[in-house]
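Chains: A, B, C and D, in written order; residue numbering restarts at 1 for each.
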Amino acid sequence: MKHPTKLTIVNDPIYGFITIPGPLIYNLIEHRYSQRLRRISQMGMSYLVYPGAHHTRFHHALGALHLMGRAVSVLRKKGVSISTEEEEALNIAILLHDIGHGPFSHAMEHSIVEGVSHEQISLFFMEALNKEYDGQLSLAIKLFKNQYHRNFFHQLISSQLDMDRMDYLKRDSFYTGVAEGAISSDRLIAMLNVKDDTLVVEEKGIYSVEKFIVARRLMYWQVYLHKTGLVAEQLLVKLLSRAKELTRNGEILPGSGPLVYFLNRDIDSDSFNEETLEIFSSLDDHDIISAMKQWMVHSDFVLKNISKMLIDRQLLKIKLQNEPFSEEKMQKKIEKLQKKYDISTHEATYFVFRGHISNQAYSMEKDTINLLTTQGKIVDVATASDQLNLKALAEEVTKYYMCYPKSDY
Amino acid sequence: MKHPTKLTIVNDPIYGFITIPGPLIYNLIEHRYSQRLRRISQMGMSYLVYPGAHHTRFHHALGALHLMGRAVSVLRKKGVSISTEEEEALNIAILLHDIGHGPFSHAMEHSIVEGVSHEQISLFFMEALNKEYDGQLSLAIKLFKNQYHRNFFHQLISSQLDMDRMDYLKRDSFYTGVAEGAISSDRLIAMLNVKDDTLVVEEKGIYSVEKFIVARRLMYWQVYLHKTGLVAEQLLVKLLSRAKELTRNGEILPGSGPLVYFLNRDIDSDSFNEETLEIFSSLDDHDIISAMKQWMVHSDFVLKNISKMLIDRQLLKIKLQNEPFSEEKMQKKIEKLQKKYDISTHEATYFVFRGHISNQAYSMEKDTINLLTTQGKIVDVATASDQLNLKALAEEVTKYYMCYPKSDY
Amino acid sequence: MKHPTKLTIVNDPIYGFITIPGPLIYNLIEHRYSQRLRRISQMGMSYLVYPGAHHTRFHHALGALHLMGRAVSVLRKKGVSISTEEEEALNIAILLHDIGHGPFSHAMEHSIVEGVSHEQISLFFMEALNKEYDGQLSLAIKLFKNQYHRNFFHQLISSQLDMDRMDYLKRDSFYTGVAEGAISSDRLIAMLNVKDDTLVVEEKGIYSVEKFIVARRLMYWQVYLHKTGLVAEQLLVKLLSRAKELTRNGEILPGSGPLVYFLNRDIDSDSFNEETLEIFSSLDDHDIISAMKQWMVHSDFVLKNISKMLIDRQLLKIKLQNEPFSEEKMQKKIEKLQKKYDISTHEATYFVFRGHISNQAYSMEKDTINLLTTQGKIVDVATASDQLNLKALAEEVTKYYMCYPKSDY
Amino acid sequence: MKHPTKLTIVNDPIYGFITIPGPLIYNLIEHRYSQRLRRISQMGMSYLVYPGAHHTRFHHALGALHLMGRAVSVLRKKGVSISTEEEEALNIAILLHDIGHGPFSHAMEHSIVEGVSHEQISLFFMEALNKEYDGQLSLAIKLFKNQYHRNFFHQLISSQLDMDRMDYLKRDSFYTGVAEGAISSDRLIAMLNVKDDTLVVEEKGIYSVEKFIVARRLMYWQVYLHKTGLVAEQLLVKLLSRAKELTRNGEILPGSGPLVYFLNRDIDSDSFNEETLEIFSSLDDHDIISAMKQWMVHSDFVLKNISKMLIDRQLLKIKLQNEPFSEEKMQKKIEKLQKKYDISTHEATYFVFRGHISNQAYSMEKDTINLLTTQGKIVDVATASDQLNLKALAEEVTKYYMCYPKSDY
């Protein structure tokens, strides 16, 4: 193990400086598994809408690590005992919580590997690293899996008010320039406390929590589910699906070794083994973009055109409404496209499709945000008096979309 | 009239630079009536809670002027015709909309002059200035009084989404350091449009509006109605009330000429004449603070002690709850105080009192914020689908408080 | 002594949150001596130029306290041992370093009390507080007076790179909106270290130091010595001087008790006793502004007109150049004024005067900023190779000004 | 030509919103030539040092366009006449000024195509676009080539105070988080004027210019020439050079079509034809990264190891000093490496090498920054009195470096 000799400090446009706490964390960051995250876009292809949104999973991991440090420091000042080992485990768990993300983060989560969530893959990575570092990650893994008796540790890593969310909301709002999505991580963390092994927010922080939830909601509808970003994401999924389809039909597509490996296989959580992990670990956004650039001149109509659309940013048109789109509307668009290009109905459905998106700004069902009242009681923030609007925000909102080629296509 | 020879630019920490549009506006800003606003704190005594909150009505007036310039520019780009005269009138009206504020802004609105709102006094000032500037403010006054046929002009000056609110929310959140109250005036203004002479927000701006309302709500409960700020404000009101009481009883209190003038008189909107305006125009925060500093050594128990409390920031204790405080609780505290200091019940009520505060984040009754749907219809933002929480925010929330001396007093 | 029961946090627009470290500091902040600083403008009358610059000495004291906390934390992480007692002493010393400032800070430093610097008065206050707090400030006083054997402690409080300067440059640039004056206190502090009991900056911080010095230089010429601000400051000094002159001649001027006390006496550092301190402690900006507002209608031509100029912001004209202004130019302006208003030559010199301002961005003579080279040597930052421009910045620059009434006066 | 129907607005974290001025500019941005810039990192591989620095040439082009709009608006307000055609030409020229950048911007400027600067390639692109858009770019090209009679237009596009520099300094400082490099583009632009067809800064802007130059100097030494970034850049250049060498020796390397095309050819400005441009237009960062990822398993020692170093961020060690490194030191390191790995001296020099970097913060030789004195004279900002330090900044500073493998390699 390398021992960095001095205080390692990383510049961060958001927090100013991020200090790396100790040699193990330092080495985990230096590990090629972590370095790979430098090549994974945090927000998928959202940069096609927000040209500033090129930040990476790597930077987000450092940011979440930084916030964890602040949270530990605040909780300790309030008398919550956290041992050095527990602190390191928290740091490791938050640093690596997203290490299992594949190319373009969520966008392709179920395209490369079917039915294996990025959290599961993160766990595979942690276990591999635990072997390499002689069991030093064991406690971190326990926390990550929520198997530690002090429940609030897991809540700091994964809940509706965890360090992950705080950093990504802040970071995504910062890099997109959607200032309205900004949240005050400083204040939220300053309001944290622990009561009965449960993470709570002190009562006077209620408006900050409300603001946090509304900011999150705004980020969802304005940024994460932005119409144009949604089209790009759907096209990306369809592109991979087409590539798998062609491969399954015996076609050999150009592409990097790791990408071809995954195109050729249907891997699920059972068949995901050490070899899979190793190859997965060399896959990143560049494999996808480079493949697209090659596929732009491929003979397959679908593969070629989706690739061109994504590379040249000449995307499909999208409509959004509160009710589902009718089958007839779909058929009309499909026929129009078939008439123009002499393609099969199946091929046309790669360019004409519908779906829905939904978001629940706050969930009252699990991992609720708990308020510590001045009387010392723990209540769900949404049931605290005066928070009618939080209850309203717990309603799930669904919207329907339909995509089809622009008229000049 | 003075003609500034070059582009006049004012530094502003919030907007960077504020350009003064033309000589009439320049001269109105230079006028001693406007200069007085440099000595009126925008947020009353909130600086006792938020040490950064020393910004003034003067700065707010410049900020609102700046935003008006942006709004006019955006609306024109969208094809709304606004003549040069109308633009100047908008600028004048927004610049002077708060010129009638007395010492400590809202805090003492009904203490100096009874039953005359600051808007009425603003109008008196505008009319005086209109005389001095040969009728050049006539159109501005019309807009201010909502007597102009193009309704949206008044909405830009006074409504639930006017330039006044946008600036004060942004400015107050900036100077207090309550970052969560920040609103994106840039984006809100970019979303403005005019339809059927009504100010509207384009549909895609709905989340920005929601965020704006929640930010406003947060500012109310966390800043404007902050417990400590509330105590200070109430004490200030009680101090003036005591001073009037003593004066009415024949006592001659030390104090500046203008302050003594108003202590000696009960002025309402009918008796508010030119002389009143002239004397009012030389009254500012300094008259009050200086009086307090003199009253700290006055023989009257109430006057002396409230003055000391405010100057040395040794305020009363305050409790806040969702139900009214009982008469018994009050009586107990009053008796305790009387026992300790040998004062009358009446005197004790200056230090033991209760009341309530309430806030409605959004009103569906008047000056609603209107959304222009993509279909070209105008709807109240709170009735737009998916905005259950806005309806919730239209509920009025009331809290009850009780103040009494700290135990060591 | 009061014991605050929970973590006391203050909102600050610049640093986010400032945590008050412990009960003694808390009580010193609550003390009326400190509270007085809420009524002392940090930048004198600069708000007449920069409308945002209403921040106070109180806020600056808290900011410097915050930076001290950061510095202590960084130094400790680098292995510099600092005991709890030393830390508290550092905190006290920096918190109170400016407590001796009188009304309008520097502007009137030598007008109220002759020949007693604000540092001396700060020391008087500290000693009074030390008595009140049973010697708990003794070490802080030692540090403040540079009588402690660990020299770098004093350097953190007072040197060319102390916490005082860092905060005021950052704060003044923030509140004026002169963004170019912003310095990166975070980075500068992260680069601090201690070598041979001397405060040093690590070599890689050299560009940050350079930037700091240039920012300071810019703040001097653009803000602190801004033409209009300079006129206002000079007028303020002249006003006090006239008031003293009239008082000396037997005139009884209206004004607050404390102000009249100082107008009536010539106090120097020998005659500054406990009584003086007590009365000084109740003097602030309000005494001056209120006096001016009364003097606006005084019969003395000088007193009346300077007061009006400052209150209504109708200041003198000022010219700035690299050579001194000639006696003839002065005479002409004086004669013109005398002709117009029938006043004595002496009276005219209150409105027509000249002087000079000078600034040295960096001094190589005392309290130099020391660089710790990677070889472990300590060198003056200005002599480090590649820093020709720092040497250039060590040159003193002088400019000459002349003030006289505007033509329409 | 597509006509965007509404005001097109792009979110930008730095300026808030960037409005796209008109359909031609809109279409040029939508063109695949411009879209390619989304895949070109603005700061090469600096993200290996500053994890936030993933911003692109595309974003920079939009930013510079935004600043040009501000400059035009300020100059017009000051009476400088600028026609609609001239404005559009300025916009086009600044938008496209960097369109000729290849992968990783400057880092590989002379590796892909020898002896053809990115400015020349930008011109080739502009000419191709001019053909496509029927001559609508002719005036823009004239401005870009400095062949227009109104000289200040070219200065806005390319000089020591052009919109290009302002945006990249601001943007690079923002994304790296090196806040000290921030410049006040707003203020600098507000100070611009035109005198005798020359772009000038008004005298009172002198400190802003000084600050700008110092910020630029700091960015050079702290960011652009950062040790680690320098190693990465040199390794990238060496990698391409090795790839060309191997190709020249008959080896067929894996890589994308466009990359292989350029590896196979020595193209100079004479042989750069339409075909070259077309293939160049499909080359971006992804071609390089993807090639490296393939080369990590190549049999060639040099190719394999440099690729691994860059992908896994296990870079060489670097020393920096003020004098050149001796031949002996080099030889020792080379021998040590040869002994360890059995490679030729030539191969070893890919891992052990030296060089120098130099920077001149301000040049008094060409494109000087001109100050307009209050007397109406134009002077070089460095010769204006009181600017000794600017003269010092005009000195060129050179540093020497040497790179070699870390001890554990």
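Everything below uses one rule, namely that a contact is a pair of C-beta atoms (placed from the backbone, for glycine too) under 8 Å apart; a residue touches a chain by one contact, two chains touch by 3 or more.
Quick caveat, the model's predicted, so the values are computed rather than measured.
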item: Chain separated most widely from subunit C, comparing mean CA positions; value: A
item: Contact-richer chain pair [B-C vs B-D]; value: B-C
item: Inter-centroid spacing, subunit B versus subunit A (mean Cα positions, whole Å); value: 43
item: Interchain centroid distance [CA atoms averaged], subunit B/subunit C, Å; value: 32
item: Euclidean distance of C-alpha centroids - subunit B vs subunit D, Å; value: 50
item: Contacts with two or more other chains, residues of subunit D listed in rising order; value: 16, 179, 186-187
item: Of all residues in subunit C, those that touch subunit D in their complex; value: 179-180, 182-184, 186-187, 207-208, 210-211, 214-215, 217-218, 221-222, 322, 385-386, 388-393, 395, 397
item: Subunit C partner contacts - residues on subunit B that touch it in the complex; value: 2, 10-14, 16, 30, 32, 35, 38-39, 47-48, 50-52, 54-56, 58-59, 62, 174-179, 256-257, 282, 286-287, 289-290, 293-294, 311-314, 408
item: Sites on subunit B touched by subunit D in the complex; value: 7, 9, 16-17, 77-78, 186-187, 190
